[in-house]
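Pasting the structures in now, so scroll down.
Here come two complexes built around subunit A, the first alongside subunit B, the second alongside subunit C.
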Partner chain A sequence: MKKIIILFACLLLTGCYNYKEVSDLAFVSSLALDYQDNNFNIILEIEENQKDNKFSSYILEGTGKTIEAAIQNASLSFNKDLYFINLNILLISTEAANKKLSNILDYVTRDNNFSFDFNIAICDKPKEAIENIIKQEEIFGKYISNLFKNTDSNIINIKLDNLLNNYLNKDYDIILPIINIKENTIIIDKAAIFKDNIIIDTLNKESLALYNILLNNHRDYYLEIDNNIVFKTSYYQTTICFKNNTLYIIPTLTGTFLESVSLDENKIIDEVNINFNKKLESFINNLISLQSDPIGLKRYTKNKKAIKYRISTNIILENKSLIYKGVSS
Partner chain B sequence: MKNITKHEYNSTLFLLARPLFLGFGIYKIINITGSYYYLSIILGIFLGLILNQIIKKLNNINIIKIIISIILLIYGTYSLTNSISTIYLNQTPKIIILAALLLILIYSRSKNKENIFKIANILFIINIILFLITSLSLIPLIDINNISLTNNFNLTNILISAIYFSLLSTIPYLILPNFKENYNYKAYLLSSLYTLLLFTLIIGILGAPVASIYKYPEYIIFKKISILNIIENIQNILFMSWIFESFTMLGIASNNINKKILLSLLIVIFITYSIFITKINILF
Partner chain C sequence: MENLKIIKDLFTHTPDLIIRPIKKRFNTIYIVFLETVSSGDRVNSYILTPLTLPSKNKLSVKKALSGPNLKIINISQAEEYLCSGFTIILDKQNIYAVETKAELDRGIDDSKVEPAIYGPKDSLVENINKNIGLIKRRIKSSHLKTKNNLVGRYSKTNTSVIYIDNIAKKELVNEIINKLDSIDTDAITSAGELKQYLFNENKNVFPPMKLTERPDTIINALLEGKIVILVDNSPFAIILPAVLADFINPTVDDYTSALNTNYLKVLRMICFILTIITPAFYIATTNYNQETIPGLLLMNISTQRFGVPFPSIVEAIIMLFVCELLRESDVRFASNYGSAVSILGALILGESAVASGIVSPIMIIVIAITFISSLIFNEVEINGAVRAWRYIYLLFASFLGLYGLTLAFIMMLINLCSYKVYNLSYMFPVSPLDFSYLKETLLKVKRKKQDKRSKYLTDNVRKQA
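And then the complex of A and B:
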């Protein structure tokens, strides 16, 4: 009896059944989806295994009524199994985001063959963007992933779990970064905001900075005010609370002045405070007029309508510079 | 039974409090309570400690032990086959996975209970190492906003979920030999706190809405682990702790049943699953 069991175990449990070599797998680094004329158009960027450690990739394109059909069509003449476990970026066109976001999210969530840690962005010219980076002998998916990870500028970094959370949570509206191409360079300085899962507007770089401050996504923040004065934050923390039908938004910005001329420090702090409050107020008013809530303020207001809000900013100055007095003083 | 040391018994107590949460248990508690999971789990732990005192008295009744062993065997093989099929061997027919599992059970039945306890002791150490890796790499990924309370507080749901937790964490103790003499509440408490931390990681990283759509959210959070940007995609290794726990439960359950009855039962399970497996696939 034992021998039979061992024989069965050897045949079934040693990994020989249905095995696949790594060289038989095609690792997809980027997946771009567009939806036109009731068809999905997809672009896959496949990483190539090269012995001389050079980064290279190539693209496959396909069209189909469903995402699966499009992927199958893209890999018709392809002799490898597509493997999405190393997926770095999912690019969705505006049209696909407006019409088929639920299908796309369902597809990438359901299958265990997919990574869970990839970035998602809106891009209407994915082929151009991917080819641009491939020409520079880099893999687009990895390039964009590093860009999101390493940059200090005010971009928003949305991964699958963030998007799913916003999509499934009634207290949030979706926000996704937009990838643009300017003079053969990839630029991510805008974001699309959604209302009821439809893109209704875009946020510019300045609005994205305020969005990051409200959500405590620590990025560099610069505030330029008159007289060439720049206030640069090293740290910020925003507290939001809801009391007596009023939403209190209390950002505390800790930072230092750059390029400042000889002015009374307290005066500048007041000026920074007024300027920042104005910007934040206009940003929130804009969101209210659009009826979109990517920040999730509904979590605090418990969906009450016609609420008041009050902004109270604290500016904390710290001196980490190498000089005591301004050079111009 | 004299050969089983206290440490081996405690390791088994630790492992047995968790296998019933695999898939269905976690899914159910998150779905019912959302971000109030911790209230139901803390309440569930207290209920569990009380239930363990009742189990101490029931444990000597042989017929209960055999019935619970059969139930756990049927449920355990089904849930383990499904999880292995979903997570590891997506393209392998479920019936092959089940066959391999049943063969392991037959083999473990041919050994004494002492061997299962000794294996449990080793698996406990492996589990603790996997747990430390998981916790240390996942705690920084917790988003406080996900844990913050929402406005869907419902006391009935929390109580129902607490009862679920207490039952799922204590029922496997019914199959343990000499439970009355060897029960150690510290092992149960440690295991339950481990489960509480796991729930906190799941809700803290994914958020209740996302966690509630996944069959195995405990596996999904492992996908996010990246140690120094070098070690990634280790979810399959970390998830093995659930298989170890289920194996310990199935090994002890199969040892409580007479060899001939066990063989007939496993054949029935195999035939039933092979006929109905496509129909019951969608359950969980």
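And then the complex of A and C:
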């Protein structure tokens, strides 16, 4: 009998401390953070599932000295518990990224109500972006998350765990994608690069493609040599090593030519090789001049200064052209 | 006639007691029998006809009815013999008994509780001798021993302890025979009743012995070194000791190939876990650990629960209660009404409950999985045990979420591992690990590789060359 009393006492006195009915949860799909005049301004996109299986969302806004205070203020007139585990995207303004990135990362990692599986991007007009997508009867968080996942173009996809890895590792500098609005359309074609946790420059689409190649992020890469020739990679592998005070960067691009190519493919391959080497060299020189290292080259050089680097690209052609085959046979 | 008076006194208000006086020379002999348990034809042909034949009129009863069927008894045994269907012949001070039992039992029928597609179709009946016959038909060996015992002050129920003497452990046989001898009760009417006297441990809901109606299951158990108890008037045999693995793995598995059977065995083990934890897991994940559910599913659950007035734990208990109610009414009610109950249940559970907003559709799915998983066990006792643990899990999960579920699981594991049935751990053959019995139950291997019996059940381990 004593055992049963102890058992029930334990259950009744310790249980139910985090009890939440699932129908009382408000699913936050996007969270946007801005920092202006020593205050955090937040925008929450709340996702709702209608009975007829249609999804809709609405926006809550709040301001506060801290992120928590801002969220509390946003939910003052709201009768549900905010649930951030399903968060799809965290938007940070340039101002907030420059001034309060450490606070933001601390908040989302300390709070058990956040998962590590959401995208992070820079966006200076989050309300406009979210409302734009809501008007199209879509959920902004899901829309952006799918855009990051499914797009063919060379963008970078940074989730909280990647960002924390770069933030805490001294060998890397942070890089975050930038969400822009052009003619009522959401575009992700740039990324902000950081130096000592301050945004110092942006990378364009071409630079992002090279960034992906250097980090083996396997996205399709199109290299235009002139108007008629396009080389498309199907697979690439970049090896980086450091020997005799020289950093060797050896990208191996396997792919095919999309447009008609003259009979001498070997000559064109050499041309592709030279062209790609130049592009990569220019990209790395740019990073060196900015003193930012989002690729993590410091891992290889062990913080040695005044090092040389050498790029040697291998181009492997996957399919020979039909004309080439016809003539050779 | 002093003896006749004693019998009449014993059987007052017994209208089926028939007394037929027959004049025999200068004496009157009395033929006494109970017409409800005796066959009138047999009384006529075995007793009345021989005794009334003019040629045998001068012979004594003993000589007129000579044969192995005639027993000389004393007056104290008369009651028992009369009740057993014998006819008593009172000749002065001599009392004779002639077996004239009526055939009150049904014929051997198909197995209803444990059906098998490819296995033998016959099943035990209410007649203990027929049941022993069904066993002896399958084991033609003098090593098959039967120890009879009468249990019950009034019922005098015939029980038989059956074992194979060079396989079963003698200590276990003696222990069970002693247990049967020590039973002192008014009546034992079935195997289910008797088994409650055979095991004193009443703190555990899991059954320590198995009831079966299949002779092939009995044979398998006997050949493993287990002991079988048959009870007269009961179409079920008690197999003991029984462990958890025996309930999850029926004998019918032996009739199909190893690969297909192993798939079913895994399925059954999953069902055993599912039927216990499904409602508790649902409660724990939706009320405490929402992060474990994929976002889209969680949103769907949230939408479905919209408008349900009860917390999900109350919803789960209501649904479990209604399902238990349906199952019980289905079992108790006459089978002709069974379909009506099912249709009513399906209507209440499937449509009306959801439409009226009492429960959410997802809860119907959860409870349906729970009950469909439990239907693979045909043993009522194991279903009872599963039900009890289902509520314990539900209680822990409703207070502590997945942490509570883990606590309940540890509790069940401790309970099962510390439970011993006749010195055999209930988690056998997993703990203690025994491959020979594992191959018989939880995992099926090729027939040729099942060459040993478990050393925990017998000392005679070699099964085949």
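The rule is simple: the second predicted complex is superposed on the first by the 300 of 329 C-alpha atoms of A that agree within 3 Å, B and C clash if a C-alpha of one lies under 4 Å from a C-alpha of the other, contacts with A are read in each partner's own complex, and residues count from 1 in each chain.
Keep in mind that, in the parts below, a residue touches a chain if its C-beta (ideal position, glycine included) is under 8 Å from a C-beta of that chain, and two chains touch if they have at least 3 such contacts.
As the structure is a prediction and not an experimental result, all values here were calculated from the model.
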Quiz item: Once the shared chain is lined up, is A:N38 touching subunit B (first), subunit C (second), both, or neither of them?
Solution: neither
Exercise. Considering only touches as defined above, state whether A:N79 meets subunit B (first), subunit C (second), both or neither.
Key: neither
Self-check item: Which superposed partner A:K2 touches (first subunit B, second subunit C, both, neither)
Solution: first
Self-check item: Touched partner set for A:N150, first subunit B, second subunit C, both or neither
Solution: neither
Exercise. Mind working out whether A:N165 is in touch with subunit B, subunit C, both or neither, as first, second, both or neither?
Key: first
Exercise. Kindly classify A:E47 by the partners it touches after superposition: subunit B alone (first), subunit C alone (second), both, or neither?
Key: second
Exercise. Tell me which partner A:S23 touches in the superposition: subunit B (first), subunit C (second), both or neither.
Key: second
Quiz prompt | Which of subunit B and subunit C A:S115 touches, first, second, both or neither | solution = both
Quiz item: What is the contact status of A:R299 with respect to subunit B (first) and subunit C (second): first, second, both, or neither?
Solution: first
Quiz item: Once the two structures are fitted together, what part of subunit A is touched by subunit B and by subunit C alike?
Solution: 12, 18, 85-86, 115
Practice problem: Using the touch definition up top, name the residues of subunit C that touch subunit A in the complex. | Solution: 286-288, 290-291, 295, 298-303, 305-306, 308, 311-312, 395-396, 398-401, 404
Self-check item: Contacting residues of subunit A [partner subunit B, same complex]
Solution: 2, 5, 8-9, 12-13, 17-18, 85-86, 109, 112-113, 115-117, 161, 164-165, 168-169, 171, 296, 299, 302
Practice problem: Could you pull out which subunit A residues touch subunit C in their complex? | Solution: 11-12, 14-16, 18-23, 25, 27, 47, 49-51, 55, 83, 85-86, 115
Exercise. Sort out for me which residues of subunit B touch subunit A in the complex.
Key: 86-87, 90-92, 96, 99-100, 103, 106-107, 110, 145-146, 148, 150-151, 205-207, 209-210, 213, 220, 223-224, 226, 233
